[in-house]
Structures are given as structure tokens and as C-alpha cells.
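Dropping the structure in here first, questions after.
Letters A, B and C mark the chains in the order given here, with residues in each chain numbered from 1 onward.
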Amino acid sequence: MFESISAVTNSAGYILGGVGVTLLLVGLSLFIGFICGIVLTLGQVYGPALVRRFVGVYVWFFRGLPNIVLLFLFYFALFPFMGFDMPAFGVAVTVLGLRSAAYQSQIFRGAIQSLSDGQMLAARSLGMTRWQAIRSIILPQSLRLSLPGWSNEYPVLLTDSSVAYVIGVAELLTRTSQVISRTGEPMILYLTCAVIFILLNYGGMMIIQYVEKKVRIPGFGNNEAECL
Amino acid sequence: MSDVPILKVENLCKSYGDLEVLKSVSFEVRKGEKKVFVGPSGTGKSTLLRCINQLTAPDSGFVYLNGEEIVHSGKKINAYRQKMGMVFQNFNLFDHLTAVRNVELALLKVKKMDRKSAREKAMYELEQVGMADRADFYPAQLSGGQAQRVSIARALAMDPEVMLFDEPTSALDPELKREVMEVMRTLAAQGMTCIVVTHEMKFATSFATEIYLMEKGEIVEHGPPSEIPTSPNFVKTRAFMGSYADE
Amino acid sequence: MDNLTSTPVPSDGPIGFFQSMLDSIISQIPFWQDILLPALWDGLWVTMQLVIMTAPLGFLLGLLVAVSRVYGPAPVKWLAQLYVIFFRGCPLLVLLFILYFGLPSIGIVLGSFMSALVGFILCNSAYNSEYLRGALQSIKRGQLLAARSLGMTKAQGVLYVVVPQALRRALPGVSNEFIYLIKYSSLAYVVAVIELTGAAKIIASKYFMYFEAFAAVGIFYLVLVTITTFGVTWLEKKYAIPGVSGAAVKTEKGK
């Protein structure tokens, strides 16, 4: 028992360093997914037929493949084939980010399509250009409407980020496994790893819920009961 | 009054598939005139308004604003639209912005005014429609009548030369209709040029300088408000307009 | 064919390029035919076993957890909630490692396939229970009251009146989870189950054919997921009740 505890405490620093890698991985992927997701959505909703078609295929591809297959495909095949010498961390961020973009684009698309046509009409009737209307009316509204769906993206990416283990990214799970291969105690250490993930998960969700409350607008979205 | 009409509409046509919504509609509006369009639902009145400011592209025909043709004006249409304020049946206030920010948004983005003068202008317009005390309310916190008044203020803020009202009171309860009509009357008294599509006959006769009766995409009759309500054409079509309020 | 390949062609021109591409494709046919595809078919079979065994068990366990959370007495409620927090918050991969590497250290040896299966069921049930809980809670209180007024017990009311309605509402979420299950079944590879991904990885490393192996396995998954998506959409339409969420479209079309 004492041995178990000392195994955990001795390697605590190294494992906790993995938390930083995991969070960086998740944060960067969310960011890439957000930016690419918006671009994809705008292409799909407002773009010409060819662009819409491309976005459709993109989304189908990234949503249809398991994370692990995408990681293998990019790490062992696509990037080497194209001559990119990218470290595992970069590959993981790229894959998780591009995949998240596919999911996020569908959240945004749903939100944009739920807005009434009148919003665009009213903006255009005031003399705004299409792009001005998209930027100052459609995007702010649809981004707010996407928040509930978007906040779901964080736990998904957090749990998915552990899959980066298979290409050797030194995130939380990989480091835990490395420590286990030296010191043993797989049960205690993997359980600890699980608990850390769960804490990150719910801690992050609490922050997101706080932000959601901050940017909430009376009567806009799903909080009508509150203002009446 | 100048010889050039503020707005001239020439042979506007618009079809949706096989359905001809506008069949060669022509009319002109001079400064200070109030033109009111009445007629059964689905006779192209709202489409006409949208074809005027090009929110809907007409199939053929011309629209002249102060003598300049605007149907084929390309990007310049955004400048022309500022001179034609539009008020929608469903208000279409920007749901994510407070009343005052609804009014000032286009001032900032389109007219590129600085924040301070945009805010002053927006507050001034809200005062004009009696909504200054609700400036920081979100659309969902306003009654229908209040929302419509804000949307009128939003259009007025662009200093339009003509206002297009697309059934501005249809979505409102009777008691709320009155406050919107009141605002429109004040505007009219200040000399604003107006084109109104409405189902309120009583309001039309007291508001209009000229009433246009539309049926199946055509202007079937037009004349001063003293004549139209008693014209044979109107009496005939009236039977098909169950929705007309008599008040 | 022989004639084509034996003809000497200049290596620069476009014809030469296509020629060499054709050659390399032709030279790969035996690899695909004799090595890659048979391995992937075997892997597909294992993947299907995992998915088909997990889905019903994960659903039933999820329903049990959901009902416990909504209608159970306080301690059962908490337990169910803890269950959901743990198995949703813990990455599936970590869960698989706990089952495969951790449990043997306290004397429980599940083996590869069982570890994967148990992990999938736990994870799948936790996610399903959330959809089912939402659906249960969305059913109006009046439904249960009406059932009770007819003399049913609370359990009967829940079982015969609330659950059937909730199931239809939870269908989109549950079927989405089924599609996720197909994809995350690929994680079984990490605990040495040779399913689709595992089969591809083994071939890829053994023959150094990474591109071919992962492209092929990617196509397998895309086909599998696309077919399932169509099937699930069809099911959802078939079991929609007019007037109950999502069924409106169907009645309109029917008119």
C-alpha cells in the first residue's frame, strides 16, 4: 500500500505535466476547429455550389472516420507522403482540430439556419453589404445560439485527446503509461489518470457554463422563460 | 416640388415559377406623398416593396430613385437602400442587440459614424418614436408595438428620403396597432414620403394622399382616399378580403 | 497487358507517368487481393461482433441507469449519477487500460476482447442514459398521473406509459451513439483486439504499406458509417409518431 502511494507521489510531477500537454492539445484543437468550422459553415451556407459540395465531403470524411484511423492516416501516411515532417503533437492538433471543425461547422450551420430570413433582410434594407450583415448580425447571433452545442465540444475533445497516445504524444495518458511501465501499479495510476480527466472535464464545463451565462441575452435562444 | 419624382417604378414584373406575382406595375411618388397599397392577401404588395429596394430582384422593369436607375446598380444598391427605410411586418429587430444598438448598428457599420454621434443620433430617433426609455431593452423584452416603433427608429436613423412600410401593424394586437399608427402619422405630418402596404382601411383613408388597389399582381385602380373605398372595383374585391379590419 | 508493360516508354512524358502509375497499381493487386483485404474482412467481422454485442447491452444498461436517475430513491439516484459522471468523464481509452492492464493487478483477468466489450458497454450505457434521462424528463407529468389514476403502480406507469414515449424521443440520440460506437470500437486495437483498425495497423507495419492499409480501412469505416447513418434515419422515420418531436415533417409530406 505504501509502495503504491509513493509510486503515485514520485511520478506526480511528470504525470501532471501531461495535464498541461493535454490541455494545450485540447485548446489548440478547439481553436483550429472553431476558425475552420466558421469558414466551413459560411462556405456551406453562403458559398457557391462547388464550395458547398466540398464542405459536404469534408464533413462526411472527418465525421465518418474513427479518431485513431485519422491519426494513423495523417501520421504514418498522408504527412510523410506529402513530405511534411511533423512531430506527433502537431499531427494530433491538426487531426483533432480538422475533425472538430467538421463537427463545429454543423453546430454553426444549425444555428444559422434557425435564424429567420428577416434578420438578413432587415440588415440589407439598411444598406449593409452581405458581408457586413453576416459579420455583425448573422455571426454574433448564430455564435450565441451555438454555445450549448459548442460547449459540448470541449468534453468530446478532452476525451478524444487521449487517443493521441497511439502516436506517442506525451499527454496525460501516455505519461501515465510510461510511469506504469517503470513502477508498475497500473490500477492506481490509471484510476488517478481517469480522475484527473474527470476533474478536467467537469471543471472545464463549469467555466464554460459561467461564460454562457455571461454572454446570455434576455429572450434570445433558449431562455425565454427567464425574462417573462 | 421638383419635377423629378423621388421614386419612379416602371413595369416591374416578378414571377415565382409559374406564379406571376407582379405584372408590370408602374407608379411614381413625389416628395411628401403618402401612397397606400391595399388589396387581398397574396396579390404582390409585399413583393412590390421588396422589389423597390431590391431585397427581391425583379425579373424585369425599372426603379428610379431621384432619377437614377437602381435595379441594375450592382454594389451601389447598398447606398440607395439607405435612402429607402424599410419597416417589416415582423419587425426583424436584431435579436442579439438592445433597442439602441439596433438603431446605431448601421450608423456605425454603414455610415461609419463615430460611436458618440451614432449613439446620440440613435437616442434622438428613439425619442422621436417614444422609445427612449426602453433603449437598453432587448427585442424579446419589448411588446410588439414597442418593437415596431424601434424598427421605425432604426430605419429613420439612416435619414431616408422615403419610407417603405410592409404591413407594419398586421402582427399586432388592436391596442398596439394604435401606437404604431400614431408614430406613422407624426412622421407623415413632418413631411416624410411614405409607401405603405396595409390591411387597415380606416387608417389608409385617413393617412394616404393616394390609395392603390392591387389585385393579382396588378394595380387595378388608384385615386384619392375619398374615392377608392366607394369605387365599384373596391367594393367588388372587398368581398374577397375577409381580413380587412373596419375598426 | 504483357505487351503494355514490356514496351519501353520515355519516363518523362504524361504517358510515361500514367504508365508507371498503372504499373504500380497492377503490381499492388496481389497485395490487396491476398493480404490486405482478407485481413480487413477478418477485422470487420471482429468489429461487427463488438458493435452488435455492445449496442443492445449498452442500451438496456443505459435505460436502467436513466430510470434510476429519474425515478429511483435518493441513494440509487446518486449512484446512477456517479456512474454517469465517471464513465462519461473518463476517456474510453483510459477505461480500456484500467480494464485490461489494471484489473489483472487485483486478480481479475478479462482478456482482450472482454476488456473491450465491457469498456464499450460501460461507456455506451453512460452516454445513452443521458439521452434517455432527457427524454424521460421531457414527458409531461400528466402522463404518469393519468396512468396512476387508472390504478397502475408507479413502476407500471413508468414502464408502460412513460418509457415507450421517451424511447421514441431518445431515438435520435441513441442512434447517434450507435454510430459513434462503430467509430470508437477502433480503440479495441489498443488492448490487442485485432478488429478493423488493428488488422490494418498490423499489415501496415509488417509490409510497410501505411498509405494503402489506412486508406483501405478508412474506406471500410466510411462505408460502414454511411450505411448505418442511412439505416438509422430510415428507422427514425419509421418509428416516428405524428405530433411527437421530429414527426411533423413526415405528416406534412403525407398530405
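What we mean here is this: a contact is a pair of C-beta atoms (placed from the backbone, for glycine too) under 8 Å apart; a residue touches a chain by one contact, two chains touch by 3 or more.
This one's a predicted model, so the numbers in the text were calculated from it and none came from an experiment.
Contact topology of the protein chains: linear, an open path with no closing contact.
Among the chains present, the centre nearest to the common Cα mean is that of A. If you average the Cα atoms of chain A and of chain C, the two centres end up 20 Å apart. Rounded to whole angstrom, the centroid-to-centroid distance between chain A and chain B, based on C-alpha atoms, equals 45 Å.
The distance from the centre of chain B to the centre of chain C, with each centre set as the mean of the Cα atoms, comes to 55 Å. Those residues of chain C in touch with two or more other chains do not exist in this structure. Residues 116, 118-119, 121-129, 132, 136-137, 140-141, 144, 217-220, 224, 227 of chain A are the ones that touch chain B when the two sit in their complex.
Against chain C, in their complex, chain A makes its touches with residues 60-61, 63-69, 72-73, 76-78, 80-81, 155, 158-163, 165-166, 173, 177, 180, 184-187, 190-191, 193-194, 197-198, 201-202.
Remark: chain B residues 50, 53, 55, 75, 78-82, 84-86, 88, 90-96, 105-106, 109-110, 138-141, 151, 154-155, 158 touch chain A in the complex.
If you check the complex, the residues on chain C that touch chain A are 85-86, 88-95, 97-98, 101-103, 105-106, 183-187, 189-190, 197, 200-201, 204, 210-211, 214-215, 217-218, 221-222, 225-226.
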